[in-house]
Amino acid sequence: MLELSNVTKAYPNGSVALNQVNMLVERGEFVFVVGASGAGKTTLTKLLLREEKPTSGKIAINGKNIAKLRPHEVPYLRRSMGVVFQDFRLMPTWTVEENVAFAMVVVETAPRLIRRRVAEVLELVGLANKHAQLPSQLSGGEQQRVALARAIVNKPMLLLADEPTGNLDPETSWGIVKLLLDINSTGTTMLMVTHAKQIVDTLRKRVVELESGCLTRDEKCGIYHG
Amino acid sequence: MVKPRTFGYFFESAGKSLVRNSWMTLASISTVAVSLLVLGIFLLVAVNINAVAANVEGQLQVTAHLATLSAAERGRLETEIKAIPGVTEVRFVPQSEAWQRLLEWYGDNQDFLAGWEEENPLRDSFEIRADVSHRVPEIAAAVTVLAGVEEVLWGREIVEQLLAITRMMRLVGIGLMVALALAALFIIANTIRMAIFARRREIGIMRYIGATNWFIRWPFVIEGLVLGLLGGMMAASVLAWGYYLAVRALVQAIPFWPWVQPWPFLQQLALLLLSIGVVIGILGSGLSLRRYLDA
Amino acid sequence: MLELSNVTKAYPNGSVALNQVNMLVERGEFVFVVGASGAGKTTLTKLLLREEKPTSGKIAINGKNIAKLRPHEVPYLRRSMGVVFQDFRLMPTWTVEENVAFAMVVVETAPRLIRRRVAEVLELVGLANKHAQLPSQLSGGEQQRVALARAIVNKPMLLLADEPTGNLDPETSWGIVKLLLDINSTGTTMLMVTHAKQIVDTLRKRVVELESGCLTRDEKCGIYHG
Amino acid sequence: MVKPRTFGYFFESAGKSLVRNSWMTLASISTVAVSLLVLGIFLLVAVNINAVAANVEGQLQVTAHLATLSAAERGRLETEIKAIPGVTEVRFVPQSEAWQRLLEWYGDNQDFLAGWEEENPLRDSFEIRADVSHRVPEIAAAVTVLAGVEEVLWGREIVEQLLAITRMMRLVGIGLMVALALAALFIIANTIRMAIFARRREIGIMRYIGATNWFIRWPFVIEGLVLGLLGGMMAASVLAWGYYLAVRALVQAIPFWPWVQPWPFLQQLALLLLSIGVVIGILGSGLSLRRYLDA
């Protein structure tokens, strides 16, 4: 499903965010990516989304080398994933509903289906009553849940979630994690970057740890360490 | 290829964006309108100046004073003159008519002419007009050598000065129009670029959600079209209304001036401004987007 | 130091973010503000900063009703506080150093002092080697620490920190919390909004809990509950 | 009141911002430059047209044909004419000079005048000039009633038409300049507003950190000044260089035209454009900020 071979990413200013990372994720796996602040976790998701290109190494998704994609093929790669960005990336002038719907509009779903599915997903993340508000009228945690709703609305085959519970209280966090587990159980491969020790330690899923850009740990049924 | 219904979304999205970024929309539309208005005003002035130049030039003529000729000889001469390339009109002025004109010209001071009435020192002549004024000199030269022509008058110095002036007026006018048109294009395109620049983050977000370049571009192109159209319409209406009033006032103030009438000229001008607005609106937004697209 | 009496905040769209909140904080206290996502925690800090005005009720800082401040007095109120915003609010075209220095430039500190103090604070939050980078070249946690550095650089008498460890791994979080404790021990009053159960439970400081805008709990030596 | 050294920071901050937002800076400067350039070009044209109008009007005169007068009577009459309000110049033209002029006028066709040489039917005359051309009619009326004046010629119809035309040229010219100046002001101010709009979030951040309104405003005002100055300088240099070359070419093409010489006129024009740029730059950014300031 997902394969990184000797992936290195050095940003133009010289900082090396990822260093010779190798990693293989099977279809349907649930992987926690952990590591200190600045370890390279977000960079990893950016590479998978082809927001950045690796300096060296190869990234294959479903056997396809995404570094070799032509510009016009990139949107189709992105549509096959759902992403919760660390900085949310919501459209500031669009309502919650419109933000979530956009992921479906892009793949040209019928408007009737969009309406139904968006309402359903907003219900799941607990924002049904905020559907007509603008992101600036939401709390931090609510914005994060909108970003999550947009990421899952298309039932993507790969879900990248960059600290999806960073702005959420423990209780709401658990609700979201249960949602992610449900989605994972329907076959979606899940890559979740997180600092939530409690969640990682409780779920005992596969854990990948980055330290200053190097992959230092990769355990089935791992814990957060710390 | 997008599905037809997605175009509905593009229009809806463009409309929402125009309304929600209303401040930016107003700023852009007013810049488009002001630029096109200035362009239109100067086009109006240029067209009027051109009309004056054409009017002045149209009055230039070559006068050929004739020897005493028989009617047949005169007819042959007239045919010969008409055969000269560029000659559009040949009018015979008998000496009696020339005398009348002289009397009119002197007006109250006819006593200067006293004593001449009987013998009329003037000759018959042909007044010859050219299709384009700058051919007047060559026509004069061609007429001079014809048999039966005693003398050709065409005011070499005056004609040459006038032609120099009208040519200069046209040159300067065209130069200014081109400069102004380029400036208007530049300013409108620049404004649209700035409006898009202010939304570059949003464009990035759309890309990361998996929108194709054309999917992002369409609503912006439609927005550009609407901006250009509305701006152009504002400019055209102000211009049409203003020129209509202006001509009404000016015709009273300077009746002898060859004012260009509002219709159908204003209609063409309005169409021109609208087209410019729409074309730059579309191209401006379509092209400015490129910086923020591609992977 | 800080007194809220019957403070209610209803946003123009009708949502009531705070409802009849009463609260008294003494000089030098360390207060955790906890509560579910959307409970009104960020709204509370916005009111204290006078980013928003309360719909009704009175907010006094050092005995002064801040709702009554005239526009030109507001900047001076803000200078007396340090704020870590939940969305960081860093200037995108300024380097880390310039962002942190700005809080000192505003109060017209001598450039020499600014340079020294900024270097010192960046060292404290662990970003000394990133001083010349732009926010866009930092990881989420690094941006959060820049925001923190800017908040503490002037040694404010009141520090409002809105989830200052939301994007940080537990280890880095603890480093930051220790820093905040140090600052608190020099007399700075501290209001920290957080979802970090572990931190709250370990420190056993005063805990204030909000639930849908109502203050439901205010305990000395409290725990997170949740 | 900020400390003096803080001004150093304002300049530094403005400079950095201009460089870091280089795209926006270029877009703004070029809009300022293009707008001022257009304004300048049309000012040049307007000034030249005005010079032509003044030149034409300056040649208007009233000719008073005299009865046969003694030198003393003529002297008295000249004094009386000079006393008429608006008269600036009175020139005596004896009948011999008038005859010479007639000969020149007829040029090659002098045979028409044959036989008149001996008796010279022309009279002595005064040629009278006015300080402002629109007083020509009233001066003519005043001269007519003086003793010793037989007849006054001033080409009522021609003069009135000419005056109507030059007045119209001035009116249209001033109208266009005002319209263009307003358009330029509007476009420049609008551009600066858009540039500030794109940075509204940053302004909010500064406010939340405790910056006073003036602390935020100063760097923007300095930026506005620099934008206006650079844009104005670009416009002024292109204009000066272009006009210098244009006049050189035009003087050769149409030597008899009263071209306005580049110096010192261009200097004043450059100063004007620079001032406009600087003033709108400062005011535009200072005022646009207000929307984003205050608590």
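Odds and ends about this structure:
Order of writing sets the chain letters: A, B, C and D. Residues in each chain are counted from 1.
Throughout what follows, contacts are C-beta pairs under 8 Å (C-beta built on N, C-alpha and C of every residue); 3 or more make two chains touch, one makes a residue touch a chain.
For clarity, every value in this text was computed on a predicted model and none was experimentally measured.
Chains that count as touching both chain B and chain C, per the definition above, are A, D. When chain centres are defined as mean Cα coordinates, A lies farthest from chain D. Each chain gets a centre from the mean of its Cα atoms; for chain A and chain D, those two points are 66 Å apart. Distance between chain centres (mean CA atoms), chain A to chain C: 28 Å.
Rounded to whole angstrom units, the spacing between the C-alpha centres of chain B and chain D is 24. Mean C-alpha position of chain C lies 61 Å from that of chain D.
For chain D, residues touching at least two other chains: there are none. Under the contact definition stated at the top, not a single residue of chain A touches 2 or more other chains.
Arrangement of the chains shown, judged by which pairs touch: one closed cycle in which each chain has exactly two touching partners. The chain pairs satisfying the stated touch condition come to A-B, A-C, B-D, C-D.
Within the complex, the chain B residues that touch chain D are 23-24, 27, 30-31, 34-35, 37-38, 41-42, 45, 108-109, 112, 121, 151, 153, 161, 164-165, 168, 172, 176, 179-180, 183, 186-187, 190-191, 193-195, 197-198, 250, 253-254, 256-257. Of all the residues in chain A, the ones that touch chain B in their complex are 49-51, 69, 71-72, 74-79, 83, 85, 89-93, 102-103, 105-108, 110-111, 150.
Residues of chain B that touch chain A in their complex: 2-3, 5-6, 9, 17, 20-21, 202, 204-213, 215, 294-295.
Interface residues of chain C facing chain A in the complex, by the touch rule stated above, are 11, 13, 15, 34-38, 41-43, 86-87, 133, 137-142, 145, 162-163, 166-173, 195, 197-198, 224, 226.
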